[in-house]
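There are structures below to look over.
Shared chain: chain A. Partners: chain B in the first complex, chain C in the second.
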Partner chain A sequence: MPDSGMLRRARSLAALVGILILAIVTSPTASDGSRIFLQAGNLTDILRQISLIGILSLSMTYVILTGGIDLSVGSILALSTAVTAMFLTRGYTTHIGVAILTAVLASAAVGALNGVVIAATRIQPFIVTLASMIGVRGLAKWLTSNQNIDIGFGRDLAAEFASIFREKAIVIGAYACAAALFWVVLARTVFGRHVRAVGDNEKAAEYAGLPIRTTKIWVYTLSGLFSGLAGVLYAAENHQGNPNAGVAYELDAIAAVVIGGTRLSGGKGSISGTIVGTLIMGVLTNMLRLNNVDSNVEMMIKAVIIVLAVAVQRERN
Partner chain B sequence: MRVLTTAGLAAASVAAAGLTAMMLLAGCGGESKTKQYVVAFSQANNAEPYRAAQNAFMTQLFGAQPDVKLVISDAQQDNSKQVAQVETFIRQKPDLLIVAPNERAALTAVMGQAMEAKIPVICLERDILQPNYTSYVHSDNVAIGRLAGQFIVDHLTKKYGKPAGNVVAMRGLLGVEGEINRDRGAKEVFDKYPGIQIVADPVADWIQAKAKDRMTEVLRARPKIDVVYGHNDPMAIGAYLAAKELGREKEMVFVGVDGLGGAAGGIRKVMDGILAATFVYPLCVDKAVEIGNRILHEPGFRPEKGYVLEAVMVTPENAAQLYEKFTTKAMQ
Partner chain C sequence: MGEVKTVSEILQAEGITKHYGGVYALKGASFSLRAGEVHALMGENGAGKSTLARILAGSARADGGTVRVHGEPVEIASPLDAQRLGIGIIYQELDLFPNLTAGENIVIGNLHFPEGRVVDFRRIEDFCRPFLRQVGLTCAIATPAAALSIGQMQLLAIARALSMDARIILMDEPTSALFDDAAERLFRLIAGLRERGVSIVYVSHKMEEIFRVCDRATVLRDGETIGTVETQSSSVDEVIRMMVGRELRIMARAGRRAAGDVALKAENLSTAKLKSVSFEVRRGEVLGIAGLVGSGRSELGAALFGIDRITGGTLRIAGRPYAPGSPRAAMSAGVGLLPEDRRLQGLMMRMSVLENATLAVLPRLSRLGFLRMGQEAASLGPVARRLALDCPWVTAPVSQLSGGNQQKVLLARWLLLNPDVLFLDDPTRGIDIGAKQDIYRLIDELAAEGKAIVLVSSELPELLHCADRILVLNEGRITARYDAREATQEMILSAATTAVPSPGAQR
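Showing the complex of A and B:
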């Protein structure tokens, strides 16, 4: 009997291939007759555009596998953009690495706090991360006095940072490295097995003596850390620290995870599925935009795709 | 069972594909023989009434020209989304790109890419960090703030015989250019008259419902208010509703900014006697379309780098006349 996980993945891959074919067929043509969708520039546009949500959805997969949820990732991303831009533009440091490290560590600290509260109090992750979604957004706005911190185009440190980290190769590379890391850790390490076990059956995991609390603290810390990394990339791409950045990104990340076949109640799912889910949304968006489909219609089509994608992957018992 | 599921997937995919294909085809239409121009407009956020009015007006103006096809994308107030949408437009190589940037820094680089791709770019209403555009059509919020400030000074002078009184400033989203400059322009004027005091300046984020709540608190705390200066019309209207609820709307006058046409816009509210005045913050669309058309149709045309459009004051005397002018077909 084939592994049901494999089958699920095959189905979501089939959905991706289907949308790719549709995108190629419907693609408008450039003046030289080539299909715009297939241009290297367009394909790398898609990869760059999905990279931030892609990174968020990788760590979100771990969180959801443990049976949790992390609603604070968008707010943490905003905090990270703010810290990055503040350090670069206000002379707190003369080294780009220090600014990035501070932003990522601050974000990881917020994630760790989420994890500790969840592990220690057993308050539902939805509530804990909802609270930090609100609180961290407030922190980002407070730190910046509601102002965007613009990163200019001159020759200063901040501009240098932006010109390096907004490069397509860097952004896509960061996503690819993160994806490889999350894939290997989930598939090949003891920690990865614990992540699945906690979400599959917490009681059983507890009786088996698995480190449930430590595992939970780690997945939320990772979620914070990678949200921070996404924030650094956001700051470079958009040339600004923005306390209002990333609103509703948590929902896009969760959508990518569930389209990829990960069960929202935990235990079952995969990083490869999440990557496919992210690609489905990215290719779909690009296809609709290339054809100038009304953005309101775009939202309706996406809604249908989300439900369809999950419906066809549902387990039959 | 599995075969069934897979069949279901296939059927569902085909259905979705069919649905999408239909929508895509609907957009194509027949090819005409004359040169068709494609104008792409990247809008920052359709949800704001001002921006919805821009879209409606632009659709109306370009719609009157059979040789122009207008495409509008909505970034839903998200920088990354707007950058992605502009990137996609660049791939499509439109004959003209109009961008109403969500925020200055975020859109600067990608608009530069459009220029590099030899696409004429018109920057609409909001500035960017570098002049990565063919032309920039905008208005001046400091000037509007000054006009509003002067109107309030004149009103108070008429009321008391001297420029004195209590003003409430209802503020928009902090940190936004429009908010900063509409506030600054008015304060420049008030600062000349020590008798005029700003007794409260709550923040209501441009939203009518929030302005009503904030104004209710101000009304409880302040027994005497002469003028409410809302940095946009919805907030001025929200303040009016709060005052009306407490039976104090006759005690003060309400001044707004934006002056949109249509039944829900500020000009109508001046006609209805709710606002004492509003200031038409130009949609900038008519000028952009005019320049855009010349770029499309006149090969040698070189537009100015920038066009500043004047604000118009709306009072009960000229409201009915301006209502006609600023109400587009889509609003009726």
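Showing the complex of A and C:
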């Protein structure tokens, strides 16, 4: 008898296969008669497009597994783009690595702050991260005086950074590495076990002597850190530090997580599910765009998909 | 008119059965209430008193049996039905809406308060005033329920029942959360209600109260009605005998071991719920703790395990001072706690059997934070065999197991940790006989290995069977200490239910 987790994973995988088939069938054809959807360029484009949300949704999975939520990831991403661009264009450093490291560490610090406040005050994560979503957005805008910091196309440090980190291989590779990391940590480490246990039953976790606060602080720190990493990639891809970047990304990330079968109430979920959820969203977007569906209609269709995906995976009781 | 009906019987319940899953809470219980009497419903924890009260109030449905009101068979399918029949209930955990005002709490869902489309505060005020006066609640009608004291909330709940024109009021352990003066006020109110012909069903296991307040008492045991007595012509001893029931042959455990060194010693241990509790438990000894729910027996575990803050007194483990600040600290000092409620405090229901069992010992089963999966899987084997754990496979979700096997998974967690002092809080609650026997055997074995076991149990025969010595807790104090070979259920129950005289010397 397969356990219910496997069954649900199989369902979301089936949904992905269904959408893939639909995308192939409805794909417009190129002049040589091949389906555009299946072209290598298009497929890698999809992967590259989902990579940023994909990275956010990986750490979001951990947060949601503990029974929390992180609404601040979009704002942290914006902060990270701003810090990256400032360091690269204003001569604060002559080394690309220093700029990236600063941005990622600043983002991780914001995440750690989220975690500490949540663990220490026991205010709901929704409220704490809603506050930091607002506050960190403000910080990013204040740092940049509300301006985009452009990264040029010349031969300077910033341009060199952008040309490296907007490479498809780098972006997709970063997502793939992060996915592997999150997968292994959840399945194979003590920390991963604690993440699930805390979200499953926090009271029981207390009675089992688990480090509840430390676990929470770490998942929000990771969420900040990987939002920062996504911000670095965003800055490279868009050639700018943008304090208005990443608006509503947290919602896309949450959507990918729940489509992947992770329960918002915590304790149950998987990285593989989240990856499938992210792919479903990516393939769907690509399919609709290839068919020139209005982007507003695209949002409406996504709305239906989210509800449907969660409805099929509901446990029957 | 064919047969003569006893007109004075306002409420009769006959052959009431109710089961939850495979467990029977009521097995053909009967109960009959006269108009204008205060009638106690008594029994040990789990005897079925509260279930019967809930059925009469429409918040639980009986699987079988009949209920008559004024001799007419009735169907009480919902609290609204009960309201129409004039039956009101005051729950132990008062079912008020904390954020609504006192007045709103009275009128909401009240059939006697015709609702308009618009909330009319003056009308609410006019409606509520007489009932609040009747129960002697002096708060403003606009006071939120949450701002009231427990005693006031109870009066509010009674006022609500009266406003619904209840002629029968069920009170489920009404004094369990009350201080002395509030309880006094409640007793006076009950007397006043009886004067006016309201019938009251008083669910409790506190002897003094019952003999003071009630006219008659019906005793339930294991879901069956044992009998009804007039309190005038009965005695505490008689009622206790009825509650305890069958003379169980107490099998002394074969070959009592000589107890070893003192493993845990508490001196004047005090917390919010415990008052100056002193005891010691030795290696190889099983110390039984008896007491009603709320007596402080679970709080003793919470204090020993670093969950409740200790406000006074000292603890020593193997002679060394011990001041647990967290369960983690308690565990590293060699103390384990099997909590009272395995679903709420023990198990991760969405995780597997194996994951639940190894949760507290993961550091030992890992290297550099990475789990050694093979070692983890192997670790459970011997423990599972020892517990006679019956599960299809160790990766099955623990939620799929029976109650007894779930409890064994939780015990496995502690066997893996192997603490010197193990506090078992009602380990056999709600599990089948077979699993109970396995757990008794395990307790015996652990003691034989030199562990110090503290065993809390709601079942007195179980305590008498498993424990070497027994302490009785009552309202946070130790009221009796017995050698288990000399104690009887009657002695223990009497010490657990007799009111503790408030000591002048202590706070």
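Heads up, the rule we're going with is that the second predicted complex is superposed on the first by the 317 of 317 C-alpha atoms of A that agree within 3 Å, B and C clash if a C-alpha of one lies under 4 Å from a C-alpha of the other, contacts with A are read in each partner's own complex, and residues count from 1 in each chain.
Please note the rule applied: a residue touches a chain if its C-beta (ideal position, glycine included) is under 8 Å from a C-beta of that chain, and two chains touch if they have at least 3 such contacts.
All figures in this text were calculated on a predicted structure; none of them were measured in a lab.
Engineer: Judging by the criteria at the top, classify the pair chain B and chain C on chain A as clash or fit.
Structural biologist: With chain A as the common anchor, chain B and chain C both fit in the superposed model.
Engineer: Looking at the overlay, what does A:Ser227 touch: chain B (first), chain C (second), both, or neither?
Structural biologist: neither
Engineer: Regarding the shared-chain residue A:Asp150, is it in contact with chain B (first), chain C (second), both, or neither?
Structural biologist: The first partner, chain B, only.
Engineer: What is the contact status of A:Thr274 with respect to chain B (first) and chain C (second): first, second, both, or neither?
Structural biologist: Neither chain B nor chain C is touched by A:Thr274.
Engineer: Going by the contact rule set out at the top, does A:Tyr207 touch chain B (first), chain C (second), both, or neither?
Structural biologist: A:Tyr207 contacts chain C only, not chain B.
Engineer: Mind working out whether A:Thr102 is in touch with chain B, chain C, both or neither, as first, second, both or neither?
Structural biologist: After superposing on A, A:Thr102 lies clear of both chain B and chain C.
Engineer: Figure out whether A:Asp45 sits in contact with chain B (first) or chain C (second), or with both, or with neither.
Structural biologist: first
Engineer: Tell me which partner touches more residues of chain A in the superposed arrangement, chain B or chain C.
Structural biologist: B
Engineer: Is A:Val190 touching anything from chain B or chain C once the two structures are fitted on A? First, second, both or neither.
Structural biologist: second
Engineer: Identify the partner contact of A:Asn238: answer first if only chain B is touched, second if only chain C is, both if each is, neither if none is.
Structural biologist: first
Engineer: Measuring by CA atoms in the overlay, how small does the chain B-chain C distance get, in Å?
Structural biologist: Least C-alpha distance: 16 Å.
Engineer: Which residues form the common part of the chain A surface touched by chain B and by chain C?
Structural biologist: none
Engineer: How about chain C: which of its residues touch chain A in the complex?
Structural biologist: Residue list for chain C touching chain A: 305, 307, 326-328, 330-331, 337, 339, 344-351, 355, 359-360, 362-363, 366, 369-371, 373, 392, 395-397, 413.
Engineer: Where on chain A is chain C touching in the complex?
Structural biologist: Checking each residue of chain A against chain C gives 1, 3-4, 188-191, 193-194, 196-197, 200-201, 203-211, 267-268.
Engineer: Would you tell me which residues of chain B are touching chain A in their complex?
Structural biologist: 1-2, 5-6, 8-9, 12-13, 16-17, 19-21, 23-24, 27, 46, 71, 73-74, 76, 78-80, 83-85, 87-88, 91-93, 103-106, 108-109, 129-130, 173-175
Engineer: Give every residue of chain A touching chain B within the complex, in rising order.
Structural biologist: 7, 11, 14-15, 18, 22, 26, 28, 30-31, 36, 39, 41-42, 45, 49, 52, 145-148, 150-153, 166, 234, 237-240, 242, 245, 247, 285-293, 295-297, 301, 304-305, 308, 311-312, 316
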